[in-house]
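Alright, structures below, take your time with them.
What follows is a pair of complexes built around subunit A, which joins subunit B in one and subunit C in the other.
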Partner chain A sequence: MSATRRSRIIRFLFFRFVVSIPVLLGIIFLTFMLIRIGGQDPVAMIAGPVADSAMLSAIRSQLQLDQPLLKQFLNYVLLVSQGDLGVSWQGGKPVLSEIKQLFPATLELVFLSVGLAALVGVPIGMRSALKPNGWFDQLTRFCSLAGFSMPTYWLGLMAIFVFFYLLRWAPAPMGRLGVDVVAPTFVTGSVLIDCLLEGNWSALNSAMSHLALPVLCFALLAAAPIIKQTRAIMLEIVGSDYVRYARANGFSQKTIEKIALRNAAGPLLTFLGSELTSLLAAAALIEYIFSLSGLGQWGLNAILLGDFAVVQGYVLTLALCSMLIFMVIDLLVLMLEPRN
Partner chain B sequence: MLTKKDSSAIVNCVNYSLGISRRSPTFAVGLLIVVLFLMLALMADVLSPYSPTQSFSYKVLNHPGDQFLFGSDGNGMDVFSRVLHGCRYAFGISIPAGLIMITIGVPLGLVAGYKGGLVDEVLLRILDVLRSFPTIILALAVVAAMGQSLTSMVLVIGVLDSPIFARVVRAEVLALRSSSFVMAAIAMGNPAWRIMFVHILPNAILGVTAQLPMRMAWAVRISATLAFIGVGIQAPTPEWGAMIRQGAEFVITGEWWVALFPGIALMILVLGFNLLGDGLSDLLDPRRRSVGK
Partner chain C sequence: MLKTQASVLTLLLILASNIFPVVWAQEKTLVIAMNSTPKGVDPDIWVPGQIEATVNLYEGLTSYGTRVGSNGKLEVDPSKIQPHLAESWTVSPDGKKYLFKLKHGILSPFGNELTSQDITWTYEKSAQQKRTGQFMASVGRIEKVEAVSKYEVRFQLSDANRIFLGALTLHLPAIFDSVEAKKHATADDPYATKWLSLNSAGFGPYHLQSIQSGQQAVFVVNPNYHFKKPYYTKVIWREVPSPATRVALVRTGQVQYAEQIPFQQLSVLRTDPAVKVESVPGFGGATVRMNPRYPPFDKVKVRQAVAYATDYAAIGEAVFLGQGTRSRSMLNSPIAGAVNAYKYETDYNKAKQLLTEAGYPNGVDVTLEYSTNWWWEEPLVLQMQASLAKAGIRVTPKKIPSTEMLARRTINVWTVPFLTHLTSSFVPDPSYNMFLTAHCKGSSNVNANCDAAMDKLIDASAIERDEKRWLSLIEQAQNLQADSATFIETFLPGTHEVFAACMKGYLWKPHNRLVWKDLNCSS
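For the complex of A and B:
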């Protein structure tokens, strides 16, 4: 790696870091204001139906909700910059420790699903781009559009009906482990990895059977846009001037494919990154259906209950994570760029 | 009695539509599905055997059969009638939401692309925020905040998606800004708004046309998702997402029909919109025009 290239990468990272700060602040501000102008009154929910107005205002001032919005916001930003995300009003637990508990489970689900979807989707997309409008292309195009149109939660429900109720292949969609196995101690937070580390085979077996259905459903839905995008990227490249030039020069099909692949890697990675981030949020629905008790299910509940600190922590985690993903992907693309 | 002129016009018309459907079967199928659902929505009252909220209290969770084509749900309501009436909610949300997306997004993209500078910078940052902000969470929070009504749902979906149109238009405008016809219009002394809306917009509108059905598909999907979570439209309303929510509790005990049918309807309509958009972008893209022949 040449010195100019390294300095370019450092400059890129620095630039991205600087740009991400206002975006992050914007996200915090947006979440903060959205849930506060909201219809739900968390104070009434905490106090319960029998509370009188004196009690309500006492709770309100204890939660510092009686202060001006801007002051509340500045306080929150100050706390976040010190690494304190506040306390959940429903469970009373610190938000940060909850996130550490729950986020690995969501990451496990999303990475397994996207990995599986990419492994299946990318080759299919490439194959269908080789002969556009051939029978294989028409078939995959239709299937991917159908997958694109299917609601996640509905597919999950139907899968539960078929594989749990009818066939009895899958365990009941209640959590990440069966009730009959000993849960592994918390090390990484990913059940599969924790079981492997401990050598807890019965729990590993149970965890795998509990994860199989959600991961398959999720991967099926994730594969649809991947196939579509891979096809579009490959079509663009196959029709490009440099591929035509290479072909005119008499390069072998294999060499041409190598050139095409190298050029496809950048846009493909970028797309996979955006796919990953959108699925991190969509995971909430799959977790809700299968009661996987991950970050998404927790955040979803918090939104419905008006648990401000949790919603803020949830959105902040997702935003940070997606920024990190975009940054890593852009860096990879920069390094793969054939032109330098 | 048809005159010769009339019949040749009809033949031309038929030939033309045959040609289009040969060039892009996806477009034809998509259009067919969407039009079919539109008809179902319009004729829901005539076609459905019962009122969508009429409850037969002795016939709870009946199997699909003679009396109830798609079975009856947990309240003893006819699932078939409810699915039919669900079409109305799907179009009632996606059409106004689509209009909002265009009326906000297109002018924004025009100004950002043509003027550049601050407007462009702000638009790009907003797009950045939206890109790293989970849309469904955003929609959920806003609908929960704005109150649980159909109107707020439509507003939220329309506003949230308008930056996408702004981006599409902006990209087209950037490409057109330095073209000779725009230069000529500037040289003629046209004011900026006239150049944007009269000269550039008609050339930039194609991208929007192909995008619109896809975004309407998204509107149908996201509104159903919100209703499924329990935000926006509530249970006895015959909306597909809310119906799937009702059906979810019965799936595990084997009563599949309550959740199955609204889901299938939702899927087919969304597929129709997506096919329509896909076919449109094929038909409108001059580079791919020859491929489909």
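For the complex of A and C:
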């Protein structure tokens, strides 16, 4: 790597890091304020239905919810800066430790799904673009439209109904492992990786079978926009001057495809990055239906119950993760840029 | 490249289909599909899933007896309170002092024997925490709890009252194994509340083995349980948040019990031979409540007009799908002394006439607020909107978050003028129920239902020891409440538990939670 390129990358990373600080602060501020002005009051929920006003006041004071909003916010920022995301009122567990436990399940689901969707979607989109309006292209467009139109929730329920209830092919959708399986020791939090590390093959089999259906459902939904976007990008590239020039020079179809793919890599990676981040948030529904106990399911529950610290921790984690994904993608694009 | 994708897809499909038939983990393991894993197991702290777990971990000094009901099935007899962890008790002539003798040889899973020290420690803990346990102690008017000997404990009450023995049937204040709990106490936390929030130390039939938040909780039988040994030695509690998934699981026999099944699915499930649905009317009533501190509900004629303009038949059919039981009072069977006090039937003309008399000849505009605490709230509100419109009461439904509803309807806050609410309690005692819901100091009085005459009747009934006078006071209170029309009594939604077909032994308890020790799947 040339010195100029290295310094360009370092400058890029530094710039992104500096920019991320105010962005994160803004996200923390917005989440903090929105959840508090949203009309939810966790105090009554914590106290239970037999609470009197004295009990409510005591809990409010204990949670420091009786303090001015700005003071509450500054206290929270101070805690976050020390790596403390607060405590969930549901069970009193530290939010950070819950995130460490649950986030790997979400990452596992999303990365496998997007990986599978990309593996299938990119070549299909490319082939469609290379022979536009042919039978394959028409079929692909129809399928991707169907993929776009299916709500996640509906697709998940239908998959359970067909593959679990009717055909009995899929295992019971209640968790990441069967009830009779000994879970591997928590190392990374990804059941698949932990099973492999431990050599726990029966758990690995169970984990793969439990993940197969949710991953297929999620991949199906993710593949539709990937196919569409790949096709659009490739159509633009195939019609570009440099591809026409390559054709005129008599390059083979395979070489032209290689050239096109190299040029499409940048916009495709950027798109895959945005897919990853949007699916991180959308994973909540798949986790909910298949009882996968990931971060999304936990965050969704917290939103319904007004568990402020958890909601804030959930949003902050997603924001951080999104920023990290985009940073990596942008870095990759920078490195793949043919003009560099 | 397409070949590569095809190979990957094939591999994934093979993996997906490479499923061995899933069987119940072990013999005598109960697998249950629940909405969420318990967020804590300290009965003093009200968090999701706590009550469902702790009714199986902790038991009371007393318990309700049983009887054979009119349908030939065993049911709880609220009029019969019998010793449980206690062997017997004596009462002082003024009814203010109860001396309990504890059964000998009651052991916790840690092998420690129940003594009077455990009882006093339990009440001290609740008093220090100032939460649900203390509330229950105050409901029973418990002033002091003292150990008389190793196996004797005395309760000093501020007033002789009927609620006390009923309250002792509950799992709270939980009777802890204080010997074990003290091992986990610290200077900052002398009652080991942090440890007890995620661990159990009781004398009940089950013991918490592990909780994986969001995934599962595992309970094992207390090997030293003093009473009849439960059939199931292990209970695996799986978090399955989607109701549709829970239905699929119970229909395929993957779980033996699924909680909170949508009402709409019950009639289908009743026809499924793989499933058993157990239904009990219970005594919790779906009500629509009016806050007399807000106009136009400050006028009794407006409230009565709402009662007459309610289409009860339509609610029974459209909201409760013919599976509810009409509520006829703020108290309903099996609570002793329940009478048919609520006489209102649908009569739009009478409703219009009452509105005119109240000064609203052109009708009235009101907002009916509801949340999602109970599944029936939204359909009930929509049905009320349709029927009240026929009498000129124009209802605007407003859905608010559960937490907001809880905060605004709290006693002495009372900022919701018109709302939906479930009348329910853990103890089927009439005075206790009326106190909770219709007394000015009742914690479930969500609509500022404050009437000095009513409070007087409820207070008198709580301490009345003569059976006849007691029943008369209860009847008067119910009639007074029905006349005031601050509650629209609709239906008792009932408890509908969904099991795998082989399950037997279900016995409904007033706390309305599943008791695992009663269940079995023996041939």
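Just so we're on the same page, the second predicted complex is superposed on the first by the 340 of 340 C-alpha atoms of A that agree within 3 Å, B and C clash if a C-alpha of one lies under 4 Å from a C-alpha of the other, contacts with A are read in each partner's own complex, and residues count from 1 in each chain.
The definition used in the following text is that a residue touches a chain if its C-beta (ideal position, glycine included) is under 8 Å from a C-beta of that chain, and two chains touch if they have at least 3 such contacts.
Keep in mind the model is a prediction, meaning the values are calculated, not measured.
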Notebook entry, point to check: So, A:F290: does it touch subunit B (first), subunit C (second), both, or neither?
Noted result: second
Notebook entry, point to check: Between subunit B (first) and subunit C (second), which does A:T270 come into contact with in this model arrangement: first, second, both, or neither?
Noted result: neither
Next item on the list: For A:V43, decide between first (touching subunit B), second (touching subunit C), both and neither.
Entry: second
Note to self: Touch test for A:A146: subunit B only (first), subunit C only (second), both, or neither?
What the structure shows: first
Note to self: After the superposition on A, what does A:S240 contact: first (subunit B), second (subunit C), both or neither?
What the structure shows: neither
Next item on the list: Using the superposition on chain A described above, determine whether A:Y165 touches subunit B (first), subunit C (second), both, or neither.
Entry: both
Margin query: Once chain A of both complexes is superposed, is A:L119 in touch with subunit B (first), subunit C (second), both, or neither?
Written below: second
Check: So, A:A319: does it touch subunit B (first), subunit C (second), both, or neither?
Finding: first
Note to self: Just checking: does A:G299 make contact with subunit B only, subunit C only, both, or neither of them? Give me first, second, both or neither.
What the structure shows: first
Notebook entry, point to check: For subunit A, what residues appear in both contact lists, the one with subunit B and the one with subunit C?
Noted result: 38-40, 157, 160-161, 164-165, 172-173, 288-289, 304, 306
Item checked: Complex contact set, residues of subunit A against subunit C -> 38-53, 55-56, 58, 88-93, 98, 101-102, 116, 119-120, 123-124, 127, 157, 160-161, 163-165, 168-176, 178-180, 205, 208-209, 212-213, 215-216, 288-291, 293-294, 297-298, 301, 304-306
Checklist line | In the complex, subunit B residues that touch subunit A | finding: 26, 125, 128-129, 131-138, 140-142, 144-148, 217, 221, 224-225, 228-231, 241, 244, 247-248, 251-254, 256, 259-260, 263, 266-268, 270-271, 274-275, 278, 287, 291-292
Next item on the list: Flag every residue of subunit C that touches subunit A in the complex, lowest number first.
Entry: 1-2, 4-5, 8-9, 12-13, 15-19, 21-26, 29, 31, 33, 36, 39-40, 46-48, 130-132, 135-136, 194, 197-198, 212-216, 236, 238-242, 244-245, 248-249, 251-252, 254-255, 400-404, 406-407, 410-413, 436, 443-444
Note to self: With touch defined as at the start, can you tell me which subunit A residues reach subunit B in the complex?
What the structure shows: 19, 22-23, 26-27, 30-31, 34-35, 37-40, 132-133, 141, 145-146, 148-154, 157-158, 160-161, 164-166, 172-173, 239, 274, 277-278, 280-282, 284-285, 288-289, 299-300, 303-304, 306, 311, 314-315, 318-319, 322-323, 326
